[in-house]
Structures are given as C-alpha cells and as structure tokens.
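Contents: one structure, followed by commentary.
By written order: A, B, C and D. Residues from 1 in each chain.
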Amino acid sequence: MTLLFSGLFLIGLGALAAWLLEGRSRASGALFQVLAVAGCALGGGAAVRVLLGTPAVQIRYHAQVLGGDWVWGLDALSAAFALAVFVVGAAAAVFGVAYLAAETRHRRVGASHAFVGLLIVAMALVVTARAAIPFLIAWEAMALSAYFLVVFDDTQAGVRRAGLIYLVATHTGTLALLALFALWGGRSGSFEFDRMMAADLSGALPSVLFGLALVGFGVKAGFVPLHFWLPEAHPAAPTHVSALMSGLMIKTGVYGLLRVITMLPGAVAPWWGWTLLLLGLASGVLGVLWAMVQHDLKRLLAYHSIENIGIILMGVGLGTLGMAYGRPPLAVLGFSAAVLHSVNHALFKSLLFFGAGAVARATGTREIERLGGLARRMPVTWIAFLIGSAAIVGLPPLNGFVGEWLLYNGLFSSALSPAATPVRFAVWGAAGLALIGALALACFAKVGGVVFLGHPRSPHGREAREVGPGFLAPMIALAILCVVMGLFPYAAVGLAWPAGALVAGLSPGSAAQIGFHAILGLRALWLFTLAIPAVAVLLWVLRALLLRRRAVARGPTWACGYAATTPRMQYTGSSFVAPLVAAYRGVVGLEVRRAPGSFTTEPIDRVLEHVLLPAWRAVLDVSARVRTLQHGRLNLYLVYMLVTLLALLVWLYAAGTGAGIRP
Amino acid sequence: MSSALASLAVVLLVAPVLPGLIARTKAILTGRRGQPVLQLYSDLGRLLRKGAVYGTATTWMFALAPVVVLATVLCAALLLPLDGRAALIRFSGDAVAFAYVLALGRMALVLGAMDTGSSFEAMGASREATVASFAEPALFLALVVLAVLTQSLSLSGMLGSRLVPGVEGFRMAAAAPFALVAVTLFIVLLAETARVPVDDPATHLELTMIHEVMILDHSGPDLAFLLYAGAVKLALFGSILVGVVVPRASLAPWLALGLLVGGLVVVAVLIGVIESVTARLRLTRVPQLLVAAATLAALGVILVLR
Amino acid sequence: MLLVALILAPALAALGAALPARRAGRLAWLLAGTALHAALLVATWVTGPAAAAGGWLAFDPLGGLVLSLVSVLTVGVATYTVGFVRPGDPRAGRAFESCLLAFLAAASLVAVSHHLGLLWVGIEATTLATAPLIYQRDDPHSLEAVWKYLVVCSVGIALALLGTFFLATAQVVGGVAGRPLVLDDLMRHGAGLHKAWVRAAFLFLAVGFGTKMGLAPLHTWLPDAHGEAPAPVSALLSGALLNCAFLGVLRAFQVANAAGEADFARPVLLGLGLLSLVVAAVFVVRQDNYKRLLAYSSVEHMGILALGSGMGGLAIYGSLLHMLGSSIAKAVLFLLAGNIVAAYGSKLVQDVQGVVRRLPVSGVLFLLAFLAITGSPPFVPFMSELAILTGAFRSGHAVLAVAMLALQAVVFIGMGSAFLGMSLGASPERGPPIRERAWQVAAPAVLMTVLLVLGLHIPAPLQRALAAAAGSLGGVGGGP
Amino acid sequence: MTQISDFLLLAIVLVNFALLGATRLSTMIRAVAVQGGLLGLLPLVLHGGPSLHAVGLAVGTVAIKGVILPRFLTWAIREAALRREVEPRIGFVGSLLLGVVAMAVAFAVAARLPLPPELARPLLVPVALATVMVGFLILTTRAKAVTQVVGYLALENGIYLFGLTLTEQVPFLVEIGVLLDVFVGVFIMGIVVFHINRAFDSLDAEQLAQLKD
C-alpha cells in the first residue's frame, strides 16, 4: 500500500506542479509528465506485486465522520483494474502534454493537466476503496474531474451541452449509489465493505441492492440504454481525456458491479446473470451497429466503447450465472474474461483514441469522409492504429483475442453443463459474440481503409505530416503491450484469473483447479499465436525472394476499363457500410436527409433523441403548467395557507378517533 | 502426430485440385469441355515466376494482404484434425481461434483492397465484410451444436470424437442436429469460399463480384498466394464438412486420409453441381440465405439443449 | 447571565449602529457586535450556563446549534457587507447594520428561549428585523416582496400564536403541574398533556412556523423575498432566518413527542417536506432568475429538513447536520450571486456567462458551492443526505427516500443547466477578469472551507452536540 | 356577569357580519374599531369581576385596538386618497353566506373541543374561532391592502379572544397577543401608507402581483 500511495502522491504532486507552474515555466508540462509516469510506475509496481501473489493488504484511517473507518485495500480484483489505470494513465499523461502543447487559445492547459492527474488518482482510489465514504468521495472526484476535462473547450456550446448531459448522467448514477450504500450500510450498521459483506440480507433485499448497483454503476459503465451520455461526452473532450474516460473511467462501473457481486456471494440470483448477459448482448450488437454509421472518428470510437462494455458485461453475466447455478468453473471463466477484456479494452481503446487525436491534430478534422491516404504521411500512427483496430476486433495474435477466447470458452462450456441446468442457454451468447466480432471487423475495416488508405479525400489529408514523439511514444508503448499480451496469453490470463476467482468467491487454491481446462490449453494457444507471425514472416521472405530480380512495376489502379480513378470516385465510409446499414435498417438510427442535389445521412442516438429528451420536455411542460400557481396574487397565497390548515385539521379529525384521546 | 502431419501435407497438396474439379463439373453439366482439372497448378506456377505490378495508390498494406491471407489459412489448417483424430495444435476453444484467424486474413484482404483507392475493390471489400458478418454467427451456432454433441470445446474433439454417427455409443437422437449442422456448414462454406449462390468467381462484370473484385489488382506471386489460399480454405471447410459427416477416428490412418480426400472430391463435385443448377442470388438476398443457415443451426442448438 | 447577554449584546449594538451618520462607523458597530456575540456564544458553549429567567431562557444543544449557525453566518455576512455596495443612493442603507444586529438579537432570543411564548416573540422579532433589510428604496419590486413577506408571515405568526394558546390550553385542560408553556416542564409532564389540544397545537405551530420556514405550499413569500433582497440579506434569510423557524417547528415536535404524539406529528412533517421537494423541483427547472432559483433550492432543503426530522432515528441527526451544511452552502451561493449581480448587472441566467473567467475566485467558489448544495462528496450536505437516506431506509421510509432522490435529480438538472451555463463559456463582452476585492470573497471562501472540513472531519464537540440534539428529538446520533 | 359577557360576544359576532357586509372602507374600519372596543371590555366581565390585571389589559386593548389603529387606518385612507369602495372577489352575499358557514363550523368545532367548565364560557371559544375564520375570509377575498389589514386585525381579534380564556391560568399570554397589534401598527401600516402608496399610487393589492414565475 505504501508503494501505491507514494505513487499516488507523486501523481498528485505532478498535478499540483502543472497547476501552479502553468505559464510560469516552460518545463511545467515536462515535469508533470515525469512525475505522473514515475507515480504510475510505482502504483503499477504495487499492483503487479499483488498480482504476482503478494497477499492482499489493507490500510484504515479512523475518520471522524458518519459511517466508521475509511479503508483501502489492494486485492487481485483491485490490482487488475489499478494496473490498467496506471498504464493507460501514464500514457495519457504523456500524450496529453504533447496534445495540448498546441493549445494557444486557452491559458488553462495547466489546470487541464492537473485534472488529468486528479482523475488518475481518483480512479486508483475508486478501485482500492474498501468503505462506502472514501469510495463515494473518490467516485465523485473522478466524475467531476472528468467533467471539467470534458468542458476544456467550454467556449463551444456543443461542448457545454455534452458536459451537462454527462454531468447529469453521472450525478443520477451517484444518487443511485447513494441509495445503494444507504440501504446496505443501514442494514449492516457500517459502511465498511467487509462489514457490509457480513450483514445478513434476507428476502428481496440483495436483489434490490443489485438493481441499484446495476443502475448506479451502469450509468458509468455506459451500457445500453444507459449509454446516452457517452457518445456525447467522449468526443467533446480532448483526445487523451477521451482515452482516459473511454479506456478507464467506464471500467470503474464494471469494477463496481464486480465488487458488489463479490460482496453478495451467497445471494446471487439467476435473474442477475440473465439481465447482465442480455444487457451485454444488446450493448454489444447495438453499440457496434451504431458505431458503424458514425462520421466522426471519436464518436465512432465512443460507440465502440459501448460495444466492448457489452462484451465485458456478457462476461460478468456469465460469471454471475455460474455463481447462481453453482458452476464455479463458469463463474471464474466469465469473471476473468470480463476483467481481462476490461484491461485489454483499456489498452487498445486508448491507443485508438490517441491515433484519432493524432489524425485530428495532423489534419484538423475528425470527419472520416474528409480523410484518406494518411498511411503514407503518418506511417507510425497508421501502424499503431492498425494494431489497435485488429486488437479491438479480437483478432489473433493480439490481446483482444485472448479475452474474447476466454469468454467464448465460458459460453461454450456453459452448454456442456449437465442437462436441465438453465445455465446452458447462456451458450446463445456465443453466436451474439460472433456477430459482434464480425460487425466490428467491418467497422474497423471501414475506418482503417477510409481514413488511412486510398487517396486523400480533401485538402485536410494532403498536407498532413506525422505527429511528434510526444504523440508517438505512448501509442507505440500501448501497441507493444497489445502485441505482447496477445503473444503471451499466459501472462494475459494470469493477470485476470485471480481476480475472476476472487469475484467467484473461490480461494486461490481451488481457483487453480477450476477452469484448469482453459489453462491447460494455454500452452497450445501460445504456440498457435506464435505460429501466426512466424508463418507470415516466412511467407513474406518467400515473396521477397520470388520478386527478387523480377520486374516490379507501378501503374495506375485497374479501374475496370474506366478512366483512372480520382479521389472523388473512392468508396466513402458511408458507402462501405451501406449494405450492413440496409440489412439492419431498423436499429441503426440513421437520419437520411434528401434534398435536390444533396444527400446526407445524420447518425442520431436513438435513446437520447427518441426517449430521454422527449421525456425531459414532458417534465418541462408539466412544470410550466404548475408554475402558474406562483402567480403573485397575495389573496390566493393566503388561500393556500387556509387550505393547508384545513387539510391538516381534516387529518387531525381522521387521526383524532385514535386511542389516547379523552372525550 | 505423424499422421496429422502427413494428412496436413496431403491436404495442402491436393487443395488446388478442388477448384479445377468444380470447374470441370460445371463444364460437363453445361456441355462444355472446360479447363483441365489441374489448371490451377500451372496458373500458380506461372504466377510465381512472374513479376508484379502495383497500383500507384497502394502501400505495403496491399502487398502484405496476400501474405497474411495465406498465413492465416495455413495456421487455421494447424487447428483441424485432418487425420480425423487430432490436430497438430489443439486447445480448448481452438474452434474460436480457427474462425478468428480466418477473420484476421479477411481483415488484411479487405484493407488491401481498400488500399488500391479504387471504388471497385472497396465495393468488394464492403460486400465481403457484410457477408462475413452473417456467416460468422451461423458458423458459431454450428460449432455450438458440435460442442454439445461431442462434449468438447476443441475441433479435434468435435470432428475427431467417437460420438459421431456410425460409431458405437452414438445417440440416434443426435442424427437430426448433425444433419442440420452439415447443411449449415455447407452454406457457410459456400459463403466463405465465395461460391454461387453467394458469389460468382466466374462472372466477368466487376460490379457483381465480391471476392474476385477484391483481388482484381493483385498480380504475380501475390495473386498466386491469394489463389492458393482460396483453394486451401475450400479444402479446410470441406474437411470440416467431411469430419462432421464421416467419422474417421477409429479408422486406420491411411484409410482416414483416403476418406478425407474422397470426401473433398465429393464436396467439390457437389459445389460444381450447385453452381451449375442454381443462379447467383441478388446481393440483398444473400443475408437471407445465411440467416436461414443460421436458423437451421439454431434449431440444432435448441434440439441439443433440450 | 450569559444567555441574557447573548440577546442584549447585539441588541445594544443595534442601537449603537443606528447613531453614526457615516457608514464606516456603522460597520464598526456591526463587526464589533457580531464578533462580541460570537465570543459570548463560545463562552456559552464552554460554560453551559444554567437556565435563567425562571426557566424561560435555557441553553440546550439544539438551540445552541441553530444559534452557532446563525452566528457564523452573521459574521460572514457582516464581513461581506463591508465590501458590498448597496444599489441605490448611499443614504439608503441607514438602518441596514442596525437591522442585521437586531436580527441577530432576535435569533438569539429564539435559540435560547425555552418558553414557547417567548420563542414566538423571538420569531416575530426576526420578521420585524429582516423586513426593512429586504426593502430597497426606489424599487417597487422589493416593496412588493416586503409586503407579501409581511402579510404571509404575520398571518402565519398569528396562527402560531393560536397554536401556542392551544398548547397552554392542553396544559390547563390536562391539569398538569409545572410552569405554563415552559418547554422543560411541558416535556417533563408531557404524558399528562391533553392529547387533542396537543395535536391541534402542533398543527397550528407547524403551519405557522412552517410558513416562516418556507415549507410548500406556505412558501409563496420566499422566492420573492430572497429574489429581491440584496445579496447579504438573502444569504441571511435563507441561511439563518429559515432555521430559526425550523427550530420553532422542532420545539413543537419536541412537545408532541414528549406527549407521545410523535406518530401524529411525523406524517405532517413528511407531507409538508415532500410537497416542498416537489414544488422546488418544479420551479427550479427552467428558472430564469438565478436568485429565485436559489430561493427555490432553499425550499427544497427546508423540505429535506422536514423529511429528515419526520423520519426519526438517524435521519434526525442527518437533518440537523443538513441544516448546518445546506445553510452554509446556500449562504455562500447567495453572497457569490451578489458578486455576479454586481459584475453583470442582471439577475437573469441568460445574461450571465463565463463567470469563471470573469470573476476567477467567485466563479470557482460558485461551482464548488453548487456541487456542495447538490450533495456531492466530500462536502457536508453529502454526509447529511447519506445519513438521512440511511435513516429513511432503516425506519422503513424507502418510498420517500427514493422520491427524495428522484426529485433531487430533477433539481440537479435544473440547477446544473443554469449554473454551469453561467459559470462556463466566454464572458459576453470578452471583458478581462475583474479583480475581486478581498471583502467580496473572503467570507464565501472561509465558509466553503468550513463546509469541506466538516465534510471530512466532524470535531468531537460538534459531534456530541449533534448527537445530543438528535437525542432530544427522539433520534439517534452517530454511525449508520 | 355571564349575561354581559355573552352579550358582548354576540355583539362581536354581529360586528363580524358587519365587516363582511361593509361596502365602504370607512365602515370596515369603524366596525373593526368597535370590535376592538368590545374585546377591551371583555376582560372586565370574564373570570368574575375586574382584577387589576384585567383592568390594565382592558385599558391597553381599548387604547390600541379600539382607538389608535383605527385612527391610523382612517388617516391612512385620507393620506392615500383611496377609492372608498370594497370590491370583494366573491360578492357581499357570498361573503355573508360564507360567514354564516364559518359561524356554524365554529360552533360545531367548539362543541367538540374538550374544555373544563370553569374555562368554557359557552360562547367564548366558538366566537373566537368564528372571528378568526372571518378574518381569514376577508384576507382572502378582499383585494385592497387596507382591507387586508382590516382582515388581519379581525383575525388576531379572534386569537386574542381565545387567549382571554387563559388570562388567569397563563400570565402574559394575552399580553403577547397585544404585541401583534404593535407589530401590525408599526409595520404593515407604515408600509401601506408611506411606500405602497408612493410606489404604486394606489393601495390596490392587485397591482402587487409583479413578482411571479
């Protein structure tokens, strides 16, 4: 813990430096980078130590406020998420300084860095808190620093709107958590997680608690239909912030769900699992479908976060089902798949956002349809982005594949459970996951192909040049991590397995046997993942040999007899996904505007535009009607008093017949 | 092990025959002489000896695509129990790996097509992605049925298991699911290997193509790699089909291998027959076909989960 | 002796402040008076003096808490007024300082009087003292506000008096021993009080003092008064005045509780509280005048206080804590609103933009106070609301708790869209940041610090006082 | 003595109806003045004969309720040159009918209120409640500021009346009630006359409806 907290202290110090030295010294940004990276290294070290089997530790502080001691602890579950926080956090800190260096309009760059530091610290504290009060404090600090980062560009009305939507969403979630802890703590007589775990919860109470947690953490995690804030806020924020939010912050919602399940071991009910599984499936499919039709690169990535949260949620659901139906192997598989995919997604999603940010900085636009041919001008960014894309689609030999493979294992083996256990029906998830994967492939083929390949579609792309090392270093680092975790599945699974076992309520000893099955295959899987690049390299060499001393010419692309292609003849992103959109017309939520001589499509968020905003307008109408009661007429105000008095007197007579009244 | 290696070698060797067989079958049924069965070998040989031409727009992505496609197909081959017993590499959930490694190849191919900057290749790429997004769920549903029937998460178990038709200990109840799975897998095969009614490799109008138009710009060794990869992919899906229909775990290795090759020939002829008797579906109808296939598999899942 | 001094000191200071013609002199009296009062209060806490004036005056934790809150806020407001320039002509503020001090005296009387008649006098006196503060010369609107404030509140006060009579009758009819209307005797012999009269008395007291406290639908005067009064006065009204009335309601509840009528009294508080929350939610959304918006937020928090004290158990502890937290936060907001009005010359939300850039200190404090009042950790209101919720669930008021949360969400949307829109964005005329004078921001900054510190660490004495006060209301203090 | 007190109380009731029926401000003010005077006499006849305390109370009450405040009001009207008519929102007939209802309710309620005989003047409590209600009635139905003051005075007359039941048992209670008058006198009138008149050139509360949502 000391290691962890000294790390957090360093990050905080960096934030403070960035805040105070802003403008005064050119080096403030660099100082922040150094301190943040150092702090993240320390914190990550602490997490790794726990993951390597150092027994979990706790520290407590006797706070003079309601609700007992404040406790922080670092167990396998916390460590897995904390590790992701520190890795991505460091990358984002480095990237952010480079990214905002170009900001001249704002003098609040230092403040933004400070909030980044605060956000990292807060997230680390969220995943390590072991009592309600410190948890909620860290939770709010996280949410608020994220808000202030989102509204960095607050001179734009759109950004302010996005910020407000996000803040409202997160605050509503926090209220649900407030209810959760109030109900739970009130029953257990303490806000310490350990004591809450010990509380005897009978009847429907655990399900109520789970429901509250599902809403409270769900808003943060952003699965359908609680995702509405996510595609608004993430694109509005500066890129490294989007990476932090999309990559890490939404995972704290997943962490919260897992933690709550960990704290309700005996009481897990099947409907929790089915709900989670279905929600996961829905977010997965809808998320990727909605992502496909986006024109804004960052918005597209944001929708993919919804998709991946869906995949993670499927894991959580499967694990919960495993617990509910008493199948520990399933539980461990599901939960560890969820944890592993959370970590993976943190890596490649932030990598992709960095790529998007680099593109935006280099070209000045995030409009997919206006880009193209960047592969030549920004080769490193392109390779990094390509690796990220392959990883998020879940292709071997990258880390995304390992996580999904684990989840598939769980889903398939659910079907292998003895007959007449309902958990077998979870296997349908496998087909859904396959669909999600294939659609994601289509979507990222579109992004990679349209943005980076072919010809530039607008001046934006033509004079773009590769971004600087401050941008590239984090991207390269994350890309390398994606590859390494993919090539060494042992490490990847080993990272998540203890956490999965912990959530499933297993002692580490038994965890080793459980899901042994999946572990066993790992060496072969490792062989396989190594085989892919090996074979590819061999073939590349072969090809090189064949082409040696052969005529290798360059000519115009064969355009089927037509004149040479012009950039305007290229397929656009919209046309690329047109067949899929046609197939899923009903759900994608694409507003088509046809005008003589123009044809535009406008992606809209079904939930936000068709459900929430109308509902809010209804509230406004009601309030507008009620407002007439405050009309300024004194007589009627006095009538209100009279009416109140009479109503209460009626109550008096109604209650007056009760006992204890002498005639 | 040795038998696995041997059968792998054989499959890789005979794979190029299959397209020839298909073409020949079609030719016969349509009363033409048609190209020789071994045509592809000579094509490959010639292409490998040629140089190559690259579009001005293209980058290394374009050149990388064929390599990755072939590599992924070869790696996928490592996961199939071609000898009917066990694959060279097998692990729990390798069925998933099989599908996803092929997906990696698809991604490379699609990106390679986009790299040309021509709308024709891009069009093919988009269609390829679309078709795949419908084929994958069908494939996985089929795998689920196999997994439940054979109580195994590994292709080696699913295809090499003893719990398949004709072997002792086989439950007759499983016949129906197996049949459904076989049909589904066959349709998936047609889709994955770009065959009528999903795609028509023999059409001469780029606008109607899917796979062919994607590789339109490739030449020389690159094209050779792609053609060979296509043939092997056909062989792989064929051998899955054979593995489902003809259990060979208990047979002698040489017999199992013979059965496999025979089975592949049958599959090829079958494809040829279908290509000559049915017309290519309109692109908008292709999803319906694949959804139908998925539905069959889903029916199988319901049967086995019941 | 101390108790009398608590009342007399500010009263005399008020007289003194009436004399000097120059503002500086009046301010000196004001600061001296409030400081002296604060010192006396500390002494009172330390010595814990015995009841005085035949038990009519006594110091208990409940009254002590309210008075401490009032004292803190008055000191804050006093320092703020130094830097506050009243709109209108300079002669306008003649009575301003005197009235502030008079209000302080009246509030002290309310806090330490254990004779319900005397308590009633005190509350009436607070009305008298604050009315001139609201009125600004040459501003018809402020006049209208004062007029409504006076009529509505004095009708309420009259009803409260009737309630007091009823209580005396309950004593007489019940034929119980003890000094009439003296709180301690009422509670000691509570069992003997005549039930029907106690109930009637509680109703009239609840309506009467509830009017002053701003519980819906008796709140009608509140948005006008808070909206039209000058900033420091609004701060004082919402932070201190309402809580004096709340104390009145609590006293009535104490008696009802002692008479074994808690089960009759609670639903009344719950009903009024919930209604106040609803009204606040309805009027906060799309509210275009930010001072009125703050006023409705006061209605909301008074509703929460009523709810909390009606739920009993831990919720009472919570609502007492919430009284401190929300009042301080609200006072800060009103003071800062004053700075904003001064800088932008408008009370309308849409006229204000980019406060954070234009008034760096006030802007940041404004955001923090907004977060505090909406119950974000780690400020006090978060802790108190958590306590209220916990108590609510434990006493089986789950539905009310959920309703409270839902309505707070609505209020948050309303307040958020208004205040964030004001704080962020570019200032309209791209004006450079205004250098705020220390007097303008000192008090808000200090009060916010208090709010933060108390949210993280409640000193043992305060904790004891809260627990004791909650206990005197039949609640429990301390952990969940 | 009881007869006298009952007579006084009945007179007060009549005054209530006079208040409701009055069509001119001056009438209302005179009526409320009379009511104040009657209230002043009551302490002398209640509780068996005039005590020193009772006398003091009587004098104070008559002075304030019967003389000073009404004078002040009449002066206010003249000062502000008001229109003299009363325009009730529900008409005079309606007001009177409601007054009757109030009376009935008052008696009904009082009948159910348990009072020991030594306190329970048969008429005192019902008349007090009725006066309170009439006061409320005027407050809520008469628009002008001055009429609202009158209504308020009637309201507190009722409260004062109720307080008279307790003068013996609870010292200072009624005296507290008299405070209300000072309050009204000093403040409400001050505002009515000096400020509202100046700001709105009329005492019509209708114009005091600018502040709203």
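In this section, contacts are C-beta pairs under 8 Å (C-beta built on N, C-alpha and C of every residue); 3 or more make two chains touch, one makes a residue touch a chain.
Quantities reported herein were computed from a predicted structural model and do not represent experimental measurements.
Participant: Please strip out chain A, keep the others put, and tell me the connected groups that result.
Facilitator: No chain A: B | C, D.
Participant: Centre-to-centre on C-alpha atoms, which chain is most distant from chain D?
Facilitator: B
Participant: From the Cα centroids, identify the chain that ends up most central relative to all protein Cα atoms.
Facilitator: Central chain: A.
Participant: So the centre of each chain is just the mean of its C-alpha atoms; given that, what is the distance between chain A and chain B in Å?
Facilitator: So the centroids are 36 Å from each other.
Participant: Taking each chain's centre as the mean position of its Cα atoms, how many Å separate chain B from chain D?
Facilitator: 100
Participant: From the mean C-alpha coordinate of chain A to that of chain D, what's the distance rounded to whole Å?
Facilitator: 69
Participant: Averaged over CA atoms, how far is the centre of chain B from the centre of chain C? Could you give it in whole Å?
Facilitator: 77
Participant: Give me the residues of chain D that touch two or more other chains.
Facilitator: Answer for chain D, listing residues that touch two or more other chains: 114, 136, 139, 148, 205, 208-211, 213.
Participant: Can you list the residues of chain A that touch 2 or more other chains?
Facilitator: Those would be 627, 630, 632, 634, 638, 662.
Participant: What are the residue numbers in chain B that touch two or more other chains?
Facilitator: Nothing qualifies.
Participant: What are all the touching pairs of chains?
Facilitator: Chains touch in the following pairs: A-B, A-C, A-D, C-D.
Participant: Using the touch definition from the top, list the residues of chain A that touch chain C in their complex.
Facilitator: 63-68, 133, 136-137, 139-140, 144, 151, 154-155, 157, 160, 163-164, 167-168, 171-172, 174-176, 178-179, 181-183, 185-187, 189-191, 616, 619-620, 622-624, 626-627, 629-630, 632, 634, 637-638, 640-641, 643-645, 648-649, 651-652, 655-656, 658, 660-662
Participant: Could you pull out which chain D residues touch chain C in their complex?
Facilitator: Counting only chain D, the residues touching chain C are 113-116, 119, 132, 136, 139, 145, 148, 152, 155-156, 159, 162-163, 165-166, 169-173, 176-177, 179-180, 183-184, 186-188, 191, 195-196, 199-200, 205, 208-211, 213.
Participant: Where on chain D is chain A touching in the complex?
Facilitator: For this pair, the touching residues of chain D are 89, 114, 136, 139-143, 148, 205, 208-213.
Participant: Would you mind writing out the residues of chain C in touch with chain D in their complex?
Facilitator: 117, 120-121, 124, 128, 131, 135, 140-141, 143-148, 150-151, 154-155, 157-158, 161-162, 164-165, 168-169, 171-173, 175, 180-181, 194, 196-197, 223-224, 227-228, 283, 287, 292
Participant: State the interface residues of chain C toward chain A in the complex, per the touch definition above.
Facilitator: 144, 147-148, 151-152, 155-156, 159, 194-196, 199-200, 203-204, 206-207, 211, 217-218, 220-221, 223, 260, 264, 267-268, 281-283, 285-286, 314, 371, 374-378, 382-383, 385-387, 389-394, 398, 401-402, 405, 408-410, 412-413, 416-417, 420-421, 424-426, 455-460, 463, 478-480
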